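Both complexes shown next keep chain A, but they swap its partner, so chain B is in the first and chain C is in the second.
So, the complex of A and B:
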């Protein structure tokens, strides 16, 4: 089966459209074990390390089965990188999907029009027909995934599922055949429910937020320090299955509404709207603390931190902000910060 | 009853203290070198022999950069918690700490009610704002590090150092010297630069009086004076500023054992 990659710092790509084109949507992730050389010829090394890492992989080739790429408006850095993709990446189909920042009637219409443009471009490039029925079927399929993931994610709270295992699972779904994943999730849910809870005696329960955190090894590193991620507002996490897409009426409008009605992601603003979501999650799950991670040079998250710091302090909820390098060696250097935070809470 | 040993393995210096009933009985310090495990072992052995103690008569709490790699430790604590507790040993009414060590600097705020750490900031990625910065600059000016602070305080017209990078600041220093600036004015500018950088980090977490200035750099009178100017209030330094982390570790060990 053909695959269409998507480059998205905020998980607002309507995967249903790619599924309705009978292709597999494959989210692009960084690889913290590679060096960045070619991408640095196009972008200064003081710009978002995650975006540069993905560009490096794309210049080197994403593999023969990837037939195109959709770049969705995630943040300003990834937006502008699309220009470089057009010049440097060897793919016949490259489309920029302009997921709006504002949430109102005008932006909804704008997003619907852009999704329609994506459909048109896919149809023309691949000589296919994306029908309303196919989109509706894809929505049903994705809703099933969302429902299963939501139920599985709650098992983190019950101490039956490690945050790292859940993270790896969501990553796998974002890159795999959805039909196979539905079957896998069904079995996984039964299996995890039957597990005995692990001891949480010395574990600190955390709400994790921040930039795109796509290295499962980093979550494992946090667990080794003594944390259990029981809640998050991450794109490889709860933002991927926040609610369900309306299965009645115009499916394109339903998809646009779904993405625009989700709480705003960390790469977008205003911060006070994001804070309300984080506050509600922290209070609902009664977490011991909130950890906010900025990938190196991730400007949107860096801008948001001072406001969150002030507001969480006012609420008396322990809050740690860490700007990290995108390589595994650097995790060790950060250990003191995470261990000290654990000692505080 | 056991005695308590705190060992603070920093990137530049290893410090070890022996506490009995909260009294500082003995201490040792030595440069860490790359083989800080061996340095830690040697200091530990020396401290035991000098005080006629055996390993099973002491409880060892390690802290600092090398806390997880030293096998003589019975338990470990981060340098953030250790410095906060060690600072309170000298000044029980203080609720802020600035520690400038050889290769990092940190600011800590403690709760006025409980004394527990509530916030902290660390710089361990950039040499500017650490003791290493002062060492490099003292070397560039050919001044012994022990005299560097006093030299800066003799300045009448401090030079402006604008670079925030150690390497570029060194070039800037050489350039200032070539333009005829005096050593004391350049030294003053260098000390003001580190104070500005550390104070900026400390202000972000809301430090306030009474603030304890510790770490090896706290022995430098110019950094202390300029930090006070930047922060806008007087700061205090303990008698043994470089031992604060080790003392804090030993105290925490003592408190944990008595609970």
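So, the complex of A and C:
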């Protein structure tokens, strides 16, 4: 089956459209174990390391089954990088989706127009027809995934599922055939429910937020320090299955509404509203602390940090902010900070 | 040798710029005294609509450059960093945060609490984040205009609905201003302001046209300083007079074969925001008889660069035209258009080499710069040099290193000229 990659700093790419085109949506992730020499020839080293890492992989080739790429509006770095992809990445189909900055009726209309343009260009490029019925079917499929993930995610709270295992699962779904994943999730849910809870005596319950955190090894590293991620507002996490797409009415409008009604990302406006989501999650799950991770040069998260710091202080919820490099060596270097936070909460 | 032929001669008219800036700051003071609404605005937003609705604009970016010129920006930046803002964030933003935290006077780059804030992501996300931070601090309303990102393969069909989206937001902005200030949109006043804005931009473009001449009559001493009204006073009459005066003086130089430099050997293009804390840096170029004859950053703010947009359209339909203008803004060109525009400019302004400022504070402008350089050199045989620095943070500039780079670059240009 053909695949369409998507480069998305949030998760606002309507995967349903790609599914309705009978292709597999594959989200692109960074790989913190590789060097980024080729991307550094295109982008200055003071720019988002995650975005450069993905460009490096794309220059090296994403694989023969990837037939195109959708880049969805995120931050200045990912947006501007698209033109560089056009210059140096060998793909016939490259589309920039302008997921709007704001959330209101006007932006909704605009987003609908842009999703329609994506459909049109997919149809023109691949000589296919993306019908309303196919989109509706894809929505049903994705909703099933969202529902299953939501249920599974709660098992983190019950200490039956490690945050790292859940993280790896969401990543897998974002890159795999959805039908197969539905079956896998159903079995997984039964299997995890039957597990005995692991001891949480010394574990600190954490709400994790920040930039794109796509290295499962990092979550494992946090677990080794003594944390259990029981909640998050991440794109490889709850933002991927927060609610469901309306299955009635115009499916394109429903998709646009779904993405604009989700809790806001750090890349959108007004991003400070994220605090309300974080506060509710922190209180609902009675977490021991909040950890906010900024990948190096991740401007949207860096701008938000002092505000969150102030607000969590007001609430009396322990909050740790860490700015880090995108490589595994840096985890070790940061161990002391995470250990110290664990001790004070 | 005549008096005029001294090195790096500035236009006499540029000296009058201080009066214009003074006029702007007096207008702000007056607005506070009269209880007139005020607004912070980011570059690239339609300041014209603020004037048209009797709201006094203030542009913190320009204030930040004043702090830098007065060697105050580093202190302000460090204050912002103490508040938790990263070393890697925009130095304009941090200068503004520090200036506000220290309650700095306008003469040092301070900006007072406004009635509301107006931002846009047309240039960068930072503008939106910046005003979000400061609107929260001051507890004032904040309106932002979302401008869709135009990329190298954006088609005309897309441009049409992009424009529609912007237009709808501009009408929404006018409603917002009325709601916050009580001031109604007056179409006649808007036309008048649009005309002034158009004329201001066009006169500035005419000054740039004169710079095509060899020797070039106008240097960065005039353009970087002269830029101020294009941001802050676009829509007013008084800066038009100043620009016309600059034009007349430059024209006289052209007619008499006089250049801004005594000896002009190398004509350069400088892309990006200058180092406001070290404008004297640009005088260093004169030691090699090199002069900057074109700055896309400066030219971009003449705004009216879209040939499809006539004066009549601008005056008759200010809102519609503004939507079009925002989408065709030099500073945010996609890579493909940017390259074509550079080639055209190099040809028309008879440029020998291009300097690209990899500005650590302006990632949207710097992203794509390496590819731009490669294309200019490989596809158009235009010598190009990337300089790493920062517009407002002196800690991020290594002057000796940059000068050494430029010296080697000039040597390359010299060899090419000999061929």
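Please note the rule applied: the second predicted complex is superposed on the first by the 343 of 345 C-alpha atoms of A that agree within 3 Å, B and C clash if a C-alpha of one lies under 4 Å from a C-alpha of the other, contacts with A are read in each partner's own complex, and residues count from 1 in each chain.
What we mean here is this: contacts are C-beta pairs under 8 Å (C-beta built on N, C-alpha and C of every residue); 3 or more make two chains touch, one makes a residue touch a chain.
Every value quoted in this text rests on a predicted model; they were computed, and no experiment measured them.
Touching more residues of chain A than its counterpart among chain B and chain C is C.
Of the two partner chains placed by the overlay, only chain C lies in contact with A:267; chain B stays clear of it. Once chain A of one complex is fitted onto chain A of the other, the partner contacts of A:100 are limited to chain C, with no touch recorded for chain B. Contacts of A:340 after superposition: chain B is touched, whereas chain C is not reached. No residue of chain A contacts both chain B in one complex and chain C in the other. Across the complex, chain C is touched by residues 41-44, 46-47, 73, 75-77, 79-84, 86-88, 94, 96, 98, 100-102, 106-107, 109-110, 113-114, 117, 267, 269-272, 294, 296-297, 299-300, 302-307, 309, 321, 323 of chain A. By the touch rule above, chain C contacts chain A in their complex via residues 83-86, 88-89, 121, 124-126, 128-130, 132-133, 136, 142, 144, 146, 148-149, 151-154, 157-158, 161-162, 164-165, 168-169, 172, 334-336, 358, 360, 363-364, 366-371, 388.
Partner chain B is touched in their complex by these residues of chain A: 313, 333, 335-337, 339-340, 343-344. Within the complex formed with chain A, the chain B residues making contact are 65, 68, 77-81, 116-120, 122, 124-125.
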